[in-house]
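What follows is chain A paired twice: with chain B in the first complex and chain C in the second.
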Partner chain A sequence: MKARLINIREIARLIFLEGFRRHTILGLAVLAIATEASGFLFMDFFGRDLGNPVNDFIFSIMWFVGFVFIFFHAVQIMAWDVERGFIFPLLARPVSRTDYVIGVFAGLSALLACLQLLLGILGFLTLIWIKGSVAATFFPELSVAHYLYAFFSLLAYQLLLIAVVMLLSSAIRGSFPVLVLSFAYYGIASGLPVVRSMLGTSDQQHALQYILTLLAALFPNPSTYDLKADVLTVASNLTALEIAAGFGSAFLYMVIALWLACLLYGRRDLS
Partner chain B sequence: MLALWPQGPVLKARISVLFSIVTAGYVAIFLAQDSANQHTNLRLSPPLPTPFYEISGPFKQLVADILLIKTKVFLGGRSAETDPLSYAENLDRQFSAISDLHPELLDIYYLCESSLSWISRPSAERSNQILSAGLEGRPEQWTIPFFIGFNNFRYLQDNDVAIRFLSMAANKPFAPEWVGSLANLLSTDGGDIVAGFLLLREMRNQTVDPLLRSNLDRDISQYQNALVVLRAIASYNNINGHRPGQLTDLIPKFLAMLPRMEDGYELEYFNQRLHLHKATGQP
Partner chain C sequence: MIRFQSVQKTYPKELGQPAHIALKELSFHLQEGQTLGLIGPNGAGKSTTIRLMLDFIRPDRGEIRILGDSPSKPATRRHIGYLPELATLPKHLKAPDVLRFAGRTSGMNDQQIEAASHHWLQRLNLLNAEHRPLRTYSKGMVQRLSFAMALLHDPKLLILDEPMSGLDPLGRADIVDLIRELRNEGRTIFFCSHLLDDVERLVDQILVIHRGSMLFNGPIGELCSPSAPLESKFLELVRESNESQTD
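Up next, the complex of A and B:
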């Protein structure tokens, strides 16, 4: 067991260092900071409620940068291992395919966490700075606890998405089909709640309701993990059960997706 | 055949000339288009149905912010001659979409109140529906129920509903004391005229824009005319022990003549109570 953990740690380290070597973190951080800086030029359009647009902007950039990382870095890392033959020297050593899948997931997750941590700290400092520079009427509340909760919820969903990318990569060859399917997954996950709310709770469509509920379990709604609106509210009452349920469901979904990815990767013909 | 085709420096020179012509053509067409676009009056297009925006998931609040900026750019850039009724419906749709996507954003309600409520009676009703989203999105704000109360009082002339919302506003944290006084005043006889006068006077005192101040001055003068009639009715009541049957009974003892109402205002004496109305569509 200890040897397996060492294998996983070493693969994760390789993936992590590869991310730095390819300037992934640097490039995305520069992109995010440049976007934030240019976006603040538009803040003059908001005369009454400065906190909300700034908060929206900071979190939207974190979501966006995370998606760019997942769709354009994580997808390619998984595909390149096979397409460029990086995987063979690794698997020639006593490393199981399961160790490999978990190691890559851990490496990509660590990279994403580093990136989001950097943006999260910068975002929080920006909020504090703006709150301090305007009157309380224009930016009345900023909750550190809710900011942390919104941040970790965002991170939880994006880690879940990496697990899905791992699952798709284990089943399909090539980065492009995986990219297309990852987009499709995200599109369905975002669109499904809209379909469900439009159909409502009509009693006449029991079968359809069940199918949609099943699909909602397969494609978790990203908006459930989007809690940025709470960062600026005073009256939001979070319960420990709600927090545990949110993170617990994301964690279990990740475990299932990775489990399936390991199963599929184990049976896959890599030649 | 190849020999006929110029080569070497001649070919390079011709390619350079051709490239310059193509580039100059592009620049000329671009400048013509750009100039034409700048002369076009700004138009506010209707938003897509809200579900399309909701698909954007965690970005929907940012989408709402962008739609609000677009609306502000239109309102700030439209020509002075633009008929408000020509854009009222699209403005209503924009605000509805924005408040559906991001009900916590306070700027929507201030902009909605200042740009949509006064256009027409249906606009005031729609404005109140949009503001209702703010009651849930920003329950701690006193200004949102105040706006709904104000719209009911001024544009919909429904004082009972106005009193309810003004009282709600008065009970919110940080609500100024005068909001509660307004609610009480409205429930008294002729209180709507006194309340309207006090409100408009307060608005004028806080307005910097000279054009808005002059518009408010005109409104205030109409309310002052109504107050004169109100005082005459009170004097008649004190002396005769009952109210006049009609306003002309006040002439000449209590009033030399009935004041001439302007700017769409009209006095109505119904059930021995005086009301001041403003025709819809008047800013």
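Up next, the complex of A and C:
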């Protein structure tokens, strides 16, 4: 067990360092920080409801940065495996394919978490600074607990997407098909609630409703994890059950996706 | 050290490509301390043989034993040093990063990794490039770094896939010397190469395959002699095989 943990840690370390030193990721971080800091400019354009646009802007930046990271960096990293041959020097060591999958996931997740933490802290400081600079009428409420919950929900959904990228990479060869299918996964997950609400509760379409419910279980709705609206409305307190349900579902999806990825990697020929 | 018993491998049908038998009933045995050279034309099944040894792919049938165990067990690879034909390493990493990975996954501690890294980087003339990102390395430097990764943990068995690939004549001569040193130390070496002169100079045993079938397996002295060098005997074997298959 100790040896496996060492293998996972060492693979994660390589993946983290490769991303950390990659100029594209550094550029993305600098751009995101600069853009997020520009939230101060909102003070000049918005009056009474200043908190909402700044908060939306900060969370939108974090969503956007996460998606760029996942769809471009994470997919490319996975393309290293057989396409670029990086998997061979790794698996030529006493490393199992399960260690490889979990190690790559851990490395990508750690890098994304660092990037988002940086943006999350900066975003919160921006909100506090703006709130302190204007009268309460313009920025009435800011809940630390809800901010943290919204932040970690966003992170949990993006880690779930990384697990989905791992799963797709285990089943499909080549970075481009993985990229297209990852986009498709997110597109379906985002569009499905719209389709379901359009169909409403029509009694005549039981089969379709059943299929859509099944699909909704496979493609979790990203809006469920988008809780930025709660940050400025502190009418309700967060319950432990609410938090556990939110993170529990993301964790469950991640575990299932990674388990399937390990299973597929374990069975396939790497050629 | 390595035992292949009636191993067959077929690559399944893919879009636009029929199923392809890469190895047919391949059997051979490499004993401890021996150096075996695997040669064959392009598409003969050399890379397939190496990938099977490292469990990158699995055989359809037959049995493979590496160091007395199945290659599917990751622990088996603790005593194997592998040099891929085209080493691809992430370009933003540095030599100590990949060497630390190689050492740590093989159970070495920090002091052992540091000492072994210094030794092999010096031996392979990479010490002055140690802290440069791998994107600044030439193809030959990446190949030598991969060699350092393969040797870092003092493996019992070395599997070298085209070890002279990408090297200039000086680098090639240096690697030939290194393989000779390793052989003289009593290590078991399995390597495949297109450079038949090097193979002839370095190996005790030779395995010739063509279109997935074994054409020759035995001591190099039984196949060639000073009057009949390896290259001419190899061409003769391949032509005979082609003719027999045409008939």
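Side notes on the structure shown:
Assume the second predicted complex is superposed on the first by the 258 of 271 C-alpha atoms of A that agree within 3 Å, B and C clash if a C-alpha of one lies under 4 Å from a C-alpha of the other, contacts with A are read in each partner's own complex, and residues count from 1 in each chain.
Throughout what follows, a contact is a pair of C-beta atoms (placed from the backbone, for glycine too) under 8 Å apart; a residue touches a chain by one contact, two chains touch by 3 or more.
As the structure is a computational prediction, the values presented were derived from the model and not from experiment.
Annotation for the three-chain superposition on chain A: chain B and chain C fit side by side. In the superposition on chain A, A:Met198 makes contact with chain B only, not with chain C. Contacts of A:Val178 after superposition: neither chain B nor chain C is touched.
Of the two partner chains placed around the shared chain by superposition, chain C is the only one that A:Pro94 touches, whereas chain B remains out of contact. In the superposition on chain A, no contact is made by A:Val104 with either chain B or chain C.
Taking the Cα centre of chain A as vertex, the centres of chain B and chain C in the superposed model span 150°, given to the nearest 10. In the overlay built on the shared chain, the residue A:Arg22 is in contact with chain C alone; chain B does not reach it. Applying the stated contact rule after C-alpha superposition, one finds that A:Asn7 touches chain C and leaves chain B untouched. Legend: residue contacts after superposition of the two complexes on their common chain; A:Asn52 is shown touching chain B, with no touch to chain C. Minimum Cα-Cα distance between chain B and chain C in the superposed model: 33 Å. Shared contact residues of chain A with chain B and chain C: none. On the chain C side of its complex with chain A, the touching residues are 11, 48, 51, 54-58, 74-78, 80, 82, 84, 86-90, 92-93, 97-98, 100-102, 104-107, 133, 146, 149.
The residues of chain A lying in touch with chain B in their complex are 42, 45-49, 52-53, 56-57, 59-60, 63-64, 154, 187, 189-191, 193-194, 197-198, 221-223, 225-226, 228-229, 232-235. Against chain C, the residues of chain A that register as touching in their complex are 3, 6-7, 10-11, 13-14, 17-18, 21-22, 80, 84-86, 88-96, 99, 269-271.
Contact residues of chain B toward chain A in the complex are 51, 54-62, 64-65, 68-69, 72, 102, 104-107, 110, 139-140.
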